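Chain nomenclature is as follows: A, B, C, D and E, assigned in order of appearance, with residue numbering initiated at 1 for each chain independently.
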Amino acid sequence: MRIARVIGTTVSTIKDENLTGRKLLILRPTDETGKVNGKPYVAVDTLDAGVGDLVLTAHGSGGRQTNQTKNSPVDAVIMAVIDWLEVAGEEVYRQS
Amino acid sequence: MRIARVIGTTVSTIKDENLTGRKLLILRPTDETGKVNGKPYVAVDTLDAGVGDLVLTAHGSGGRQTNQTKNSPVDAVIMAVIDWLEVAGEEVYRQS
Amino acid sequence: MRIARVIGTTVSTIKDENLTGRKLLILRPTDETGKVNGKPYVAVDTLDAGVGDLVLTAHGSGGRQTNQTKNSPVDAVIMAVIDWLEVAGEEVYRQS
Amino acid sequence: MRIARVIGTTVSTIKDENLTGRKLLILRPTDETGKVNGKPYVAVDTLDAGVGDLVLTAHGSGGRQTNQTKNSPVDAVIMAVIDWLEVAGEEVYRQS
Amino acid sequence: MRIARVIGTTVSTIKDENLTGRKLLILRPTDETGKVNGKPYVAVDTLDAGVGDLVLTAHGSGGRQTNQTKNSPVDAVIMAVIDWLEVAGEEVYRQS
């Protein structure tokens, strides 16, 4: 899974029928402290995450192992909102 | 999913039999504002997208979760045409 | 899918039993005009492609969605030989 | 599989229901001697690995081939803790 | 598939039960002439390959399409030992 920050949203009228009602958020990967450092991608949100949240995303077929994403043409899902991150015994991120 | 812009088309006479009638478009990934920044790839179009459109593509087995692509030797599909993108509360792209 | 050029062949005596009789070609990815620009990889050829051909390859489980590759330990297949490529309304490649 | 070092832990209250009770660790890839050299990612731990351990992780659908991860929205699992690594006949890493 | 050279071995006592008896080798990707040029990774060996051999590896679910790897948490397998490589009509590698 990747650690990533939610930075925005996408809106589409023309889309695959299985995506009706799905929330597709824009994310950017972060390092292990929550600092953004990679290129943007889009994942389905099933946890009501919001812009600014630090989350984990599962990719590939892993992105379809939820009731909301199974059998849909998607390849990434937000599967956890991060409360805190600890590295080498130190808290390096806490949700504010 | 990746945000990408449709830049062109491919034409093939010799191809897998399951690809007969499929439209294979050339895309380039973009950043979160729709600006092209990555290497080209090819995806099946099931939404009648056109050159210049900003779209979302699903990759891997996710690319085969549509009626037109299931059981075909493909690994990417256009599953949404983007109307607009919003980042940090600002509209950063709108389909013209 | 990737746009790639066939640059060579591999020969193996010791291999998985499901690969007997399979042609494994060496390819390099190209840009959207057919110019080689990436690292080499190997794909199964089911279309009788030859060295010099510009082709499309499907990756991951997509590489096993053909009669010749299903249930085999492979992750890439040539699924189309490119006749021509068009970018922004201009023909940028044509098979010679 | 990747060789990686466990560097930390993640804690999430809001997560997919199939992740309840799962330990999600932060890792960084290493070279063939155990020296960290890549970007962090997160994997499910089913082997009671700890911070500092050098491990192997399986990715994609391979990450769900364990009793603890099957049918869950995850894409990486720790499937071995490394005792030692040998390169070109020399021991280059041993668990201390 | 990737062209890669076997550079070493891994030894693990604590591992997933489906990996008992499996040989996990360290490899590095090479260019199309067998010259090492990429980062190390680990694959299951089902062909009795040895350090120094040039091989092909299949990744993702392709790595589990063998009797020894099916249903195991692995994502890469050595599926061919390379005898020779030919690029543009020239032999560029031969097993010594």
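The rule we apply is simple: a residue touches a chain if its C-beta (ideal position, glycine included) is under 8 Å from a C-beta of that chain, and two chains touch if they have at least 3 such contacts.
Remember, it's a predicted structure, so these values are computed and weren't measured experimentally.
Q: Tell me the angle, as a multiple of 5 degrees, of the rotation that maps subunit D onto subunit E over the C-alpha atoms.
A: 70
Q: Using mean C-alpha positions as chain centres, tell me how far subunit B is from subunit C in Å, no decimals.
A: Comparing mean C-alpha positions, subunit C is 20 Å from subunit B.
Q: Could you put a whole-Å number on the gap between the CA centroids of subunit A and subunit C?
A: 32
Q: So which bits of subunit C are touching at least two other chains?
A: 60-61, 63-64
Q: Round the ring, from subunit A on through subunit B, what is the full list of chains in order?
A: Chains encountered around the ring, subunit A first and subunit B next: A, B, C, E, D.
Q: For the complex, give me every residue of subunit E touching subunit D.
A: 7-16, 18-19, 24, 26, 28, 39-43, 51, 60-61, 63-64, 71-76
Q: Where on subunit B does subunit A make contact in their complex?
A: 1-3, 29, 31-32, 37-38, 46-47, 49, 56, 58-66, 69, 77, 79-89, 92
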